[in-house]
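One chain, subunit A, links the two complexes that follow: it is found with subunit B in the first and with subunit C in the second.
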Partner chain A sequence: MNMHAQPQRTLAETALIDAFGERLSQLPGDGAVMVKRDDAIEAIKNGLPTRRVESWHYTDLRRLLTSVPAFEAGAVAKALAPVLEGSAVLPVLNGVSQTKLPEVEGVTVQRLSEKLTDGSVAPGLDPYGDDDAIGALNTAFVADGYFVDIAGGVELEKPIEFQNLQAGGQSHVRLLARIGAGAKAIIVERQAGEASEDGEALVSSVSQLVVGDGAQVTWLIVQEQQDTATHLAQFKAHIGKDAKLTVFVMNAGGKLVRQEVVVRTTGEGADFKLRGINLLAGDTHTDTTMVLDHAVPHTTSTEVIRNVVTGKARGVFQGRINVHQYAQKTNAKMACNTLLLSDDGEFSTKPELEIFADDVVCGHGATVTEIDHNHLFYLMARGIDEKSARGLLVKAFVAEVIEELDDEALVEALEERLDGWFSTHG
Partner chain B sequence: MLEIRNLHARIVDDGTEIIRGLNLTVKAGEVAAIMGPNGSGKSTLSYILAGREDYEVTEGDILYNGQSILEMDPAERATAGIFLAFQYPMEIPGVATMEFLKVAMNEQRKARGEEPLKVPEFLKRVKEAAASLSMDMNMLKRPLNVGFSGGEKKRAEILQMKLLEPKLCVLDETDSGLDIDALKIVSDGVNALRSPERAIVVITHYQRLLEHIVPDTVHVLYKGQVIKSGNKSLALDLEANGYAGVIGEAA
Partner chain C sequence: MPAVQETIDRVRKIDVDQYKYGFQTEIEMDKAPKGLSEDIIRFISAKKDEPDWMLEWRLGAYRRWLTLEEPTWARVHYPKIDFQDIYYYAAPKSTPGPKSLSEVDPELIKVYEKLGIPLKEQEILAGVQKPAVADEEAEIGDNVYKSGRVAVDAVFDSVSVVTTFKEELAKAGVIFCSISEAIREHPELVKKYLGSVVPTSDNFYATLNSAVFTDGSFVFVPKGVRCPMELSTYFRINEKNTGQFERTLIIAEEGAYVSYLEGCTAPQRDENQLHAAVVELIALDDAEIKYSTVQNWYPGDAEGKGGIYNFVTKRGDCRGDRSKISWTQVETGSAITWKYPSCILRGDDSSGEFYSIAVSNGYQQVDSGTKMIHLGKNTSSRVISKGIAAGFSQNTYRGQVSAHRKATNARNFTNCDSLLIGDQCGAHTVPYMEAKNATAKFEHEATTSKISEDQKFYVMQRGIPEEEAIALIVNGFVKDVIQQLPMEFAVEAQKLIGISLEGSVG
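Showing the complex of A and B:
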């Protein structure tokens, strides 16, 4: 993935390569899968991406990934109560899927280890580009996860919650989801960890989604890792004709975090919404990177990212929108707003529009602000003390994005997560 | 209740002196009107009373029930019972109006050592206050003041005032942006709060509001000073003859 030969491997690179050698015999996969794994580890042998690789400029993975924990066979994570009450929960505990799973009508669930063993997922293991370090890391090591197939026309009454939970060590998990034509679903992707003995954890998680024609999907990524964990995640989706996909990302934890969102509209009338809130505290480095391809005519998208930066936290949002030559009448709007609450915090925003069609509407905007003193004065003039007033305003800044989701249960559940974060970091 | 003594104040940013030796006393139970031409310092005075940091008091004092409030921040002043109805209420996206009302009421109760309101009691109070101001409860489901018309914002200010039950109410140009019907509703709302324990300071350009909220005293503010005080007939005189006469007298 890195065109420059590295002079010397870092500790992390060496640890990953050694771990691959040790794990290889335990990794599921037929011949085709094992070839993909070999290709992937070769890419890692060429070096993790540095700031000289454009898409990793603000997250120099080679420098930031300072150590890699060993696999911990004994680590045990416990399933959590779902974000939305009544959800069907699919837990992956320390990288291992479960056999006892809830049954949902119209939904077929299979353990990913089986699909790796029979090789049926091999084509999906390819990286999406030569800078796809997360894809490579995951492909090399992925051992389990789920394949979720929602039949056409099925309207799920309750959400499905996929839980990727770790208790230290390494886990590499993949979730595949296929939403049939005209189906409707809310899917929660929960990424969290328990405090472990040495505190270290390395998680890679890749989700691949195909949204069938006319289907409507809301996908919530709720990332609340321990503040010692490295979390490298990727969400990839194809959106079919007249289908709607809303992806909501909440980053509220982790030491080194990168969440990639890679989306392509594949049918006319497809609509994509990305909404994100990054709640950054301590010395986290949290990167949200989106690559969106408007690949066919008449497709629409909006992206709104709101960031709260405290302490020594650093945040990154990269939003790249590619409008292909034939993708006329594309309508795309992107905004990234940051509330910077400390002198030591920082946030980098990089919007990129590459437009090859000539009849499109595309726009982007970015702001970095502090708390509005007029607003603060107004609230205080009603007897709300300064600390509470600041809290209300900061929460309001991100709650606006949540309220846009237009589903009361969802909004309430997410605001509860938000309150949880503010009560420990406010 | 309120005693302003030889107050001098300036804008922090550029040092411009706005209030230049202002004296004013308002007793409990009194409704005092402050009138004056544009730029006389009326709104500045209201902000200084509420504790806005953009202004710095360089001389004099403001006593509230005999105690200086100059060292108190806006929240402390509010919990002590001082309320400013803003000329231009802020729109605050993302803060739900009901949530805001609940937090404000309970923070003030907490500061006074009272228990927080239970939800049914809170809702009852808001409903009653909203009904008395002909406000639709649906409006209160929106973010604070966002998308409210000028008149709705002013009503929302009076609603807050009713719910927070302050001791000293300062109304900054509450009549601006109101049509006749809204003016009547808002004035009735203010009049309902008149009581022997409460003082109300009404800042206005025009006599019109004072037909509805009849003041006990009228004070003319000019170049940061009270240049003339009188009873309600002074307001009528100003309406008939303009500020020029009074300003000429004082000069």
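Showing the complex of A and C:
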């Protein structure tokens, strides 16, 4: 949050604070949860972060969040077909979790509203820092979501797909997942909405994941919000000893989007991979911010982010790798590549390394460029017209990241979504 | 390097407090009272015999400064500075006439001799073209003679005491004098260019500098002139508690070329000293300015006590088409460095360069980097930064590269590598890349590592002892930047890096 007292509240700040007063009596939670909510709204009363707050330098939330919609707007009737066929779907419709849920062996699912009411999730509600505006906003307003517990040693055959759907209005949702030691799972986090009459939507969504020792998790975030929606999302994870976590983020929608990925390696031998695709079009603002803490020795990470910027879109990638003093033998690599295809578009990137241990290998690379004319020439010399040639090259640029996921069904499903985006924005 | 415990121990034991240039010269000083107010600014302006417009300029900056807050974004920590506890004006009392060195206080000459600076003005002035001396230092001096000559504008705590080679430069039409003299004698040039790159409202320290700067250098190279010699300033902070606020202004007119060297040493003391300089470079069409710095101010003692605070604003404006500005820096000193030499690439086809070596040891904190602002068409920039962190130091690279909407075909390549020696230090990289034009091509790469056991083994296996092997590898690590330095600086820079990392790299 902004450290400086703001002289005057913006419309959005006032609307949020007023909404809290009105909603308070309906929000679930025991005493401990309500105390956290109070603390969180206090943080918002101090003002939304501006560009002067370093972690929000490129996304001045105070300026960009111009209005806040009322709570109820349209209503989504039913869940979407899952990205991967056969997935067990956990839908949150208009901010409310469902009672009738698929049964999956070895997996316990509870509605988050119940966990809030009994206060058992209170300790996890704290924002992760002074500048964690998304955490604060969500903690203040979160009403529902799911708690998913996958027992140790369970290898899920079918993915679990969590869907957060709404049509305009506000929704504040949280998903907690605990993956037992040695378990294996693919989890899809789907963020989408339907158009509503007054259009606007404000969504905050926080996912918290604990990956047990030796577990292997692939977590896909597919964000395809309406282009009138403000989507503020956070993914937080702890990775245990010898565990592997792969997070794949695909941003292909929304008007104002910030997806934070906050990860900490907590056990030796932990491995983290982040793969991201940002497909940006229209007059939109999309920010992907990662904070990765290598907190123990012998852990590895790689991050690859590919961005395609068209129209008047503004894109941001911030990636910070912190290597703690104790975390010797860390191996961390990060790359962020951007294709800037429009003179009206812009992309800003800030890949940071903060290193306090000496026996490490860390590196990052970042590029911003347009399509290579030699590549274009190569294709056109073979009789492919310019538009198709460009399309091929752009698609190849992002598809490379998808193909790396070594799961055929997954690759196919994601490429399908990619084709969908290109057919409407190509 | 966890494998070599002795090395770490040795790095810890390095005698950072045995600062080679730690002595204090006793010269009577003419001082203004401590503290800062409009009266002090009037006093400074009157002492300098400045015209009214200059006083107004200073007062405007001071009023602006009162409204500003000290920046806190850099990764440096230090006790709060009491700006009312600093002398803003100190001048050596026995100011000699600037025409001849023989009139200079011999104490001052001794200071320069003690510094072993590679400048042998005395001899050059006396007509000695090639001294017949065989000691080690003469070799450095030798290079000066071979590579042409060096003109010096020596700054001794705040006032330019000696300006040499004036006549020879005047023949070429080059103006090289102290900024105070320029304000008096070339007011039209100063008025036109001062503050045009770093405006008085730029940032906290630059604004403070605008209000209270006491001296610095002024260089004007007229149209089509290639400056016949390297220009050089040696800064020296001497009197206790005197902050130095230099202002350097270099203008290269159409087609001109100038290479400027800046080097610094400061005596050892306990209290922290503030140094907030401003350097402005202006290159018009086809002009080129090369600015090189070797900075080895007192870094503080083994506990991190004392040492210079170096908060500098350096900015070059490639105002003309096809102009070029190149910054090269070797930073080994200062307790805290806060320094971002930048290039504004305004002219079409202009280019900017930044080459940096930052060595930190003991409890030093370095937060340095550059800004490359691409505004014109077909502009290019290149950033090579090498950070070496040892002891308990923190070494941060912070850089920005941006291409604005109309900067078609902007091109940048950035490479910043960090080397860690010992497990108590930190190396950080914070680059900002902002592209607003589809034809921009930006590349950035950064790596952080220690010297690998394989590299060391390879060298040692050829019979080279460990310490020398490390030195060899470190030299290779910084080679790209050293090569950019003028010869006489390159020698000094290599020596300095050696001294700074003594015990770990020989």
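Following the convention adopted for this analysis, the second predicted complex is superposed on the first by the 423 of 426 C-alpha atoms of A that agree within 3 Å, B and C clash if a C-alpha of one lies under 4 Å from a C-alpha of the other, contacts with A are read in each partner's own complex, and residues count from 1 in each chain.
The rule we apply is simple: a contact is a pair of C-beta atoms (placed from the backbone, for glycine too) under 8 Å apart; a residue touches a chain by one contact, two chains touch by 3 or more.
Just so we're clear, the structure is a prediction, and the values are computed from it rather than from any experiment.
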If subunit A is used to align the two complexes, do subunit B and subunit C fit next to each other or clash? fit
On subunit A, which partner's contacts cover more residues, subunit B's or subunit C's? C
Contact-wise, after the overlay, does A:His375 reach subunit B, subunit C, both or neither (first, second, both, neither)? first
So, A:Gly383: does it touch subunit B (first), subunit C (second), both, or neither? first
Of the partners subunit B and subunit C, which touch A:Phe347 in the superposed model: first, second, both, neither? second
Pick one for A:Leu392: touches subunit B only (first), subunit C only (second), both, or neither. first
Does subunit B (first) or subunit C (second) touch A:Glu400, or do both, or does neither? first
Now for A:Val360: first (subunit B), second (subunit C), both, or neither, which partner does it touch? second
What angle, in steps of 10 degrees, lies at subunit A between subunit B and subunit C when each chain is taken as its C-alpha centre? 80
Closest Cα approach, subunit C to subunit B, once both complexes are overlaid on chain A (Å): 14
Both partners, subunit B and subunit C, contact subunit A at residues none
Residue ranges of subunit A in contact with subunit C within the complex: 54, 57, 325, 328, 338, 340-343, 345-370
Quick one: in the complex, what on subunit C touches subunit A? 1-2, 73, 405, 418, 420-450
Touching residues on subunit B, where the partner in the complex is subunit A: 50-53, 73-75, 77-79, 83-84, 86, 89-90, 92-95, 99-100, 103-104, 107-108, 111, 143, 160, 164
Please name which positions on subunit A make contact with subunit B in the complex. 373-375, 377-386, 388-389, 392-393, 395-400, 403
